[in-house]
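Chain IDs A, B, C, D, E and F follow the sequence of writing; residue 1 opens each chain.
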Amino acid sequence: MRLLKILPAATAVALLPTLGLAQDADVTPTNGEIGYILNTFMFIVTGILVFWMAAGFAMLEAGLVRSKNVTMQLTKNMALFGLAAILYYAIGYNLMYPGDGWTINGILGAFSPTSVEPVGLAGVETDLTYASVGSDFFFQLMFAAATASIVSGALAERIKLWPFLVFVLVLVGLIYPIQASWKWGGGFLNEMGFLDFAGSTVVHSVGGWAALTGAIILGPRIGKYNKAGKTVPIPGSNLTLATLGTFILWMGWFGFNGGSQLYMDTAANVADISRILVNTNTAAAGGAIAALILTQLLYKKPDLTMVLNGALAGLVSITAEPLTPSLGAATLIGAVGGVLVVFAIPLLDRFKIDDVVGAIPVHLFAGIWGTLAVVITNPDASLIVQVKSIVVVGVFVVLASTAVWLLLKAIVGLRVSEEAEINGLDMSELGMDAYPEFHKG
Amino acid sequence: MRLLKILPAATAVALLPTLGLAQDADVTPTNGEIGYILNTFMFIVTGILVFWMAAGFAMLEAGLVRSKNVTMQLTKNMALFGLAAILYYAIGYNLMYPGDGWTINGILGAFSPTSVEPVGLAGVETDLTYASVGSDFFFQLMFAAATASIVSGALAERIKLWPFLVFVLVLVGLIYPIQASWKWGGGFLNEMGFLDFAGSTVVHSVGGWAALTGAIILGPRIGKYNKAGKTVPIPGSNLTLATLGTFILWMGWFGFNGGSQLYMDTAANVADISRILVNTNTAAAGGAIAALILTQLLYKKPDLTMVLNGALAGLVSITAEPLTPSLGAATLIGAVGGVLVVFAIPLLDRFKIDDVVGAIPVHLFAGIWGTLAVVITNPDASLIVQVKSIVVVGVFVVLASTAVWLLLKAIVGLRVSEEAEINGLDMSELGMDAYPEFHKG
Amino acid sequence: MRLLKILPAATAVALLPTLGLAQDADVTPTNGEIGYILNTFMFIVTGILVFWMAAGFAMLEAGLVRSKNVTMQLTKNMALFGLAAILYYAIGYNLMYPGDGWTINGILGAFSPTSVEPVGLAGVETDLTYASVGSDFFFQLMFAAATASIVSGALAERIKLWPFLVFVLVLVGLIYPIQASWKWGGGFLNEMGFLDFAGSTVVHSVGGWAALTGAIILGPRIGKYNKAGKTVPIPGSNLTLATLGTFILWMGWFGFNGGSQLYMDTAANVADISRILVNTNTAAAGGAIAALILTQLLYKKPDLTMVLNGALAGLVSITAEPLTPSLGAATLIGAVGGVLVVFAIPLLDRFKIDDVVGAIPVHLFAGIWGTLAVVITNPDASLIVQVKSIVVVGVFVVLASTAVWLLLKAIVGLRVSEEAEINGLDMSELGMDAYPEFHKG
Amino acid sequence: MKLIIAAIKPFKLEDVREALTTIGVRGLMVSDIKGFGAQSGHSEIYRGAEYEVNFVPKVKLEIVVPDELADQVVETIANTARTDKIGDGKIFVLDVETAVRVRTGETNEDAL
Amino acid sequence: MKLIIAAIKPFKLEDVREALTTIGVRGLMVSDIKGFGAQSGHSEIYRGAEYEVNFVPKVKLEIVVPDELADQVVETIANTARTDKIGDGKIFVLDVETAVRVRTGETNEDAL
Amino acid sequence: MKLIIAAIKPFKLEDVREALTTIGVRGLMVSDIKGFGAQSGHSEIYRGAEYEVNFVPKVKLEIVVPDELADQVVETIANTARTDKIGDGKIFVLDVETAVRVRTGETNEDAL
């Protein structure tokens, strides 16, 4: 359509499909369309930011695994996003947002592939009060992919590629959208009055629960816990990439939380979005600084990997309610998240649950905290309802994931051979070293 | 202009140059300006995303060359973008979009540097139906730079810096804008009815053809094919960077295809943009997953580098028509692109055409496929016209590039000395190692 | 608020707080709100881009220090952003933008934490002619953090973590906002007619002066200058990351300069923003190409690190006035910046001022040049006033920083032990290697 | 004194170091090497092209010990590093004429 | 048995390995080293400051062979690694007392 | 001729190299190694878990010199590399039978 730009304006306008032409031919857009354009463009921008988080997870994980497993981790991250994109289109979206097409009312959504508006909105009655289905689908799709990314980090360095990808299919195609429909699809949790603005529970805890069950069933990496039962640290191979990944996720989170306002068609909505952004930013800062100070106090030396996890925990903590807190409250809510991970990481080790990147503390523990914290600043929230909802979602995801993990374990096996794990998944499973020229030891 | 914010609103408005003041002093913006603002801001946002692709190419290429050639590859990418920015302003833009100032009608555009609107649109009659020239130039400039980036990857690890940069000058200053004017400038290919929405042919195949001629004239890297004629793989030095680069390109592509809608001033246009984004995303997913599965089947082990190329091929494939396909069709169009690269890469090797990063399969082959695929979903497209246009552009670019390459070869030589190539271009040509502390071998 | 999307449109609108409902219930947004929405969203998008610069500084610095100091550099960058976010909220913002709440008129702003609009703008009279305080705070906060990032690079590889972070607190909480209020807060420099559009002086030179005083007080790294007084180069450990960081900063700068237009509520404003973007881009290109050619001429080999510094110097140079120059002028202004750094870097070495990443040439020298260059293209600028302002800001920042540095030196000491510096700050101060598996030497 | 050079599988390094300390070895030098031997030679595919992997990562130990300790060190390494899979590695023994500890200037046995 | 230590130019590694296998060498150890010698000492410029490059990347081979094979191995390396340019490298021969194959416990010649 | 193997602290490399050239050493091989010895064994914390750091980075020098130069080389290294802190390193001397310069084919003393 490039050509248009060199035609005289008149023709140009004429060529453009304009819903409003009827009303007033001389103004584009018509007043009625402005809100729709703003809402849709807001989803486009924030959706692209959430997409970017896929790269953030990939870099964070590539940086925290050993160099002998980096190619595998990158392959998993690329593949899971591709599969998530396809599955969410094929099943996920309508299962999550059935509108009034529920299969079982408020519990099980609709089964059908996604279809977006026709080109130029030709021949359809468009509801101009929201945004285009295309932009909404684009935005929601990225959330589904993020849920899967959470899992890949925790199970790194030992799980086989294909069984992991099969789990991703089930997670993004069924588990995630079904439970998400309960809240965001207008299902029974929503009826109950559950509040989860951008998904501390609906997204992050779901990824966290799936990761937890996977980590337990899979067992720890060889050598992570010695005969004496002591934890043997396995340092990540590239902290610069881990830091880059954290910055990318932080950036993407502005889209994650900001876009969840869903509307930018009034001064009030856009002001709310800006309020959400400053709260999201300060919560991340609070989490990072809390972890910085706490590791200094506990270990006499700040631990960068904990600071990174702290920033992410701050982001997860504020995700359930980024709008109502004041800047001060948001900072504290994030800081508590940061403190949580610092204590949770060694705790998981005590139980010999081997979470390579700290996904469980960051996404599950901070996710639960964030969901509870809603009641602190949002009068409409009820603690009982929040707890109930956390439990309902938790039980469902744990049961479903466990079933899938065990099934995969029984049929194809989840874990690579001991030799493959020792030699590294890159050479043994993929025959490809991520850093072939660099000497490692 | 920061100060404004602390002045009382009234003054603020007064200070602002507002075209609409005449009509209705009390509303900013006036209805007539809204479409213009939305179109322009859309170009700003998408243009920034396309700029980001320059970093994507740099990381992809730095990751796929050997560590001894990384500094050179980075230098080429930085330099080519800088030169492209200057050349496209000095010549390219008006040569590509002559409006009615053609030198040879429909074939050769205008020769003059670019000038954008005066500050505050002072004293000019602005066509409010499109967007600012500044934003359009910004957006278009990034496309020109992308074309040059495509070439740098294919010729890596053996071409001299300056001859390469001279080629970039000609490519961005003449070759690219001239052929682009034929379609997007409203030239003869456009008259013919050629359809290429965002540039599978106009951008990607052009970079691909230039890369192909360069790769043939330059010859393969020392040791890429042994005496027996067998291909000797030369693994990239850093697959994490290659993956990061791919994610960056994927992200930038939302701007590349989405912005090519050119208008966001109606509900229909913004809905189309969102439709373009979901199609772009799913095509990339299709390409990546197709390559993943195919390499698993062919080689028993998935090949990450092919998965990355597959995702990019999916993106190139959908670029000629990201609007009309359904989500399913887009996924398939992308998947075919992914399949193409998996077969094309070894094929090029059979002909001893050494393409370091797979630029030719990704941008040329998938570009041709994408241009043909338009006819599948867009009734306005004619297969003959598409084929004709591909050939016309191909012949022109091949002839022009070959001329430039041979001229450069004759005058200054294209290739570094054998010793320089063996020792690596970083130390021999630049005296600077990208990873001086790390041991390589 | 996800639920909304599945409600019938009518209810949806009803649920939305709409300032305009009074005037005309049937259109969202009301005309009066459109400008406010556009301005606010512009700040959101550009603010996120400026946030991204924090990652750019982190990657640039991680790439230019030795591998034994990378974890420390990353920790400093993460921590300084977190602290900046909190301090600017607690003190900085209102000290910088006191409105009419000056403590000392035009010289010292207000002391109070930031508070943004209530949720849904409930119960407040909103000035619809500008943007939300939340979005403005978000945007301004990122500038404060950028100032601190500038310092961390120059002092890398020898300064202790905590003293550095204490300095950041003072810089972001007091030094930066106080001097910034003089111009952008409407203080005495502004009254004087000082022009600094996006902060060549207010942001970059301030970071530069703080870095300069720090570098002098701290002294050079061990071994940077040998007994003979000759400079001993200390190559950066990863030029790919340095290049990535530069691309990230370049991208973020579009937000930095573009957002500084502050308004996007008229055709004129959005056209100006696009003009700012093309000038910003071409200035960076000019700086990079100037450094490329100059290093080729001076040293017979282009120096990538200088090309990267050149691009950044180009960006800093255009920051004081990115609007009024023509594309050609902007390119030249940037090019001069690029030339400056190439000569300034060895010059600083002659004085044994050890600036690890070239922050002083890039941000201070190019910042001064850019501030002076305003007079070339902006008739409203006066050379005397520009010079006076540069001096006033410089004297203030040098005195204040020196005081803080010396105080910290006296109380806790600024520099790590000789042994710690030799062994690297990562293991000695943090006990954590950024690349533990890779062999270095 | 003897210099004992051993090429072993990387993941065995920690066990071997522990075993050696228990028998009184107080120091050693470790380097990462690329090993060529019977284990080498399987083929991989990269971007559709097959190639031989001739080198496998190994760890090289260099240990100087008094003559009387040499045999025990060799034995200990051999037993600890063995996995009975091809590629377990090799141990070589060379004669050392002098040893000096830099810090103290002590020589020979006292230097170890 | 003899231990043959050779420092050669990195890009010659593959040729040398091939040549050695053809004359019956069945294993070797390869490490990347920084070499200092006559070739060293040209100067480079980094950010405007000149400095001497004292070390050039080299590859070090360590090969243990039966006495009778030693001379042939030295010759083969010398011929294959030669480019007649400065920096081609050096070959050193040392005496080895014992050799052991970890996997089997075989000793000396049988271990090679 | 003698092969002198020395493990020293990395930051001493440049000084040692300079000192050696002044006494007539014209070449050497440098490799990065992980050293285990008396210096090893302090503990660090990573993500809340404590662990022993058994290896410290060291640089290994390998120098072949004529017999008469050997003692002086050992001395020079010992003096230049000394910091009187634990971990300064060790020097070992072995006998070398033959030396060859690849480029010229010169042997023994002429090859050095």
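We adopt the following convention: contacts are C-beta pairs under 8 Å (C-beta built on N, C-alpha and C of every residue); 3 or more make two chains touch, one makes a residue touch a chain.
These numbers come from a predicted model, not from an experiment.
The greater number of contacting C-beta pairs, out of the two interfaces A-D and D-F, is seen for D-F.
Rounded to whole angstrom units, the spacing between the C-alpha centres of chain B and chain D is 52.
Between the Cα centres of chain B and chain E there is a gap of 47 Å.
Note on chain placement: the centre of chain B and the centre of chain C lie 30 Å apart, centres being C-alpha means. Listed for chain D are residues 30-32, 34, 45-46, 94-95, each touching two or more other chains. Each of residues 31, 34, 45, 128, 235, 238, 244, 301, 303, 305, 431-432, 435, 438-441 in chain A touches at least two other chains.
In terms of inter-chain touching, the protein chains here follow a pattern that is not a line, ring, star or complete graph. Pairs of chains that satisfy the touch definition comprise A-B, A-C, A-D, A-F, B-C, B-D, B-E, C-E, C-F, D-E, D-F, E-F. On chain E, the positions that touch chain F within their shared complex are 2, 5-8, 31-38, 54-55, 58, 60, 74, 77-78, 81-95. Across the interface of their complex, chain B is touched by residues 31-32, 34-35, 38, 42, 45, 49, 66-67, 97, 99, 127-130, 136, 183-186, 190, 197, 235-240, 243-244, 246-248, 250-251, 254, 258, 260-275, 277-278, 281-282, 284-286, 288-289, 292, 301-305, 307-308, 311, 323-324, 326-328, 331, 435, 438-441 of chain C.
Those residues of chain F that touch chain C in the complex are listed here as 10-11, 30, 32, 44-46, 57, 59. Partner chain D is touched in their complex by these residues of chain B: 230-233, 235, 298-299, 301, 303, 305-306, 342, 345-346, 349, 358, 441.
Of all the residues in chain A, the ones that touch chain D in their complex are 422-423, 431-432, 439-441.
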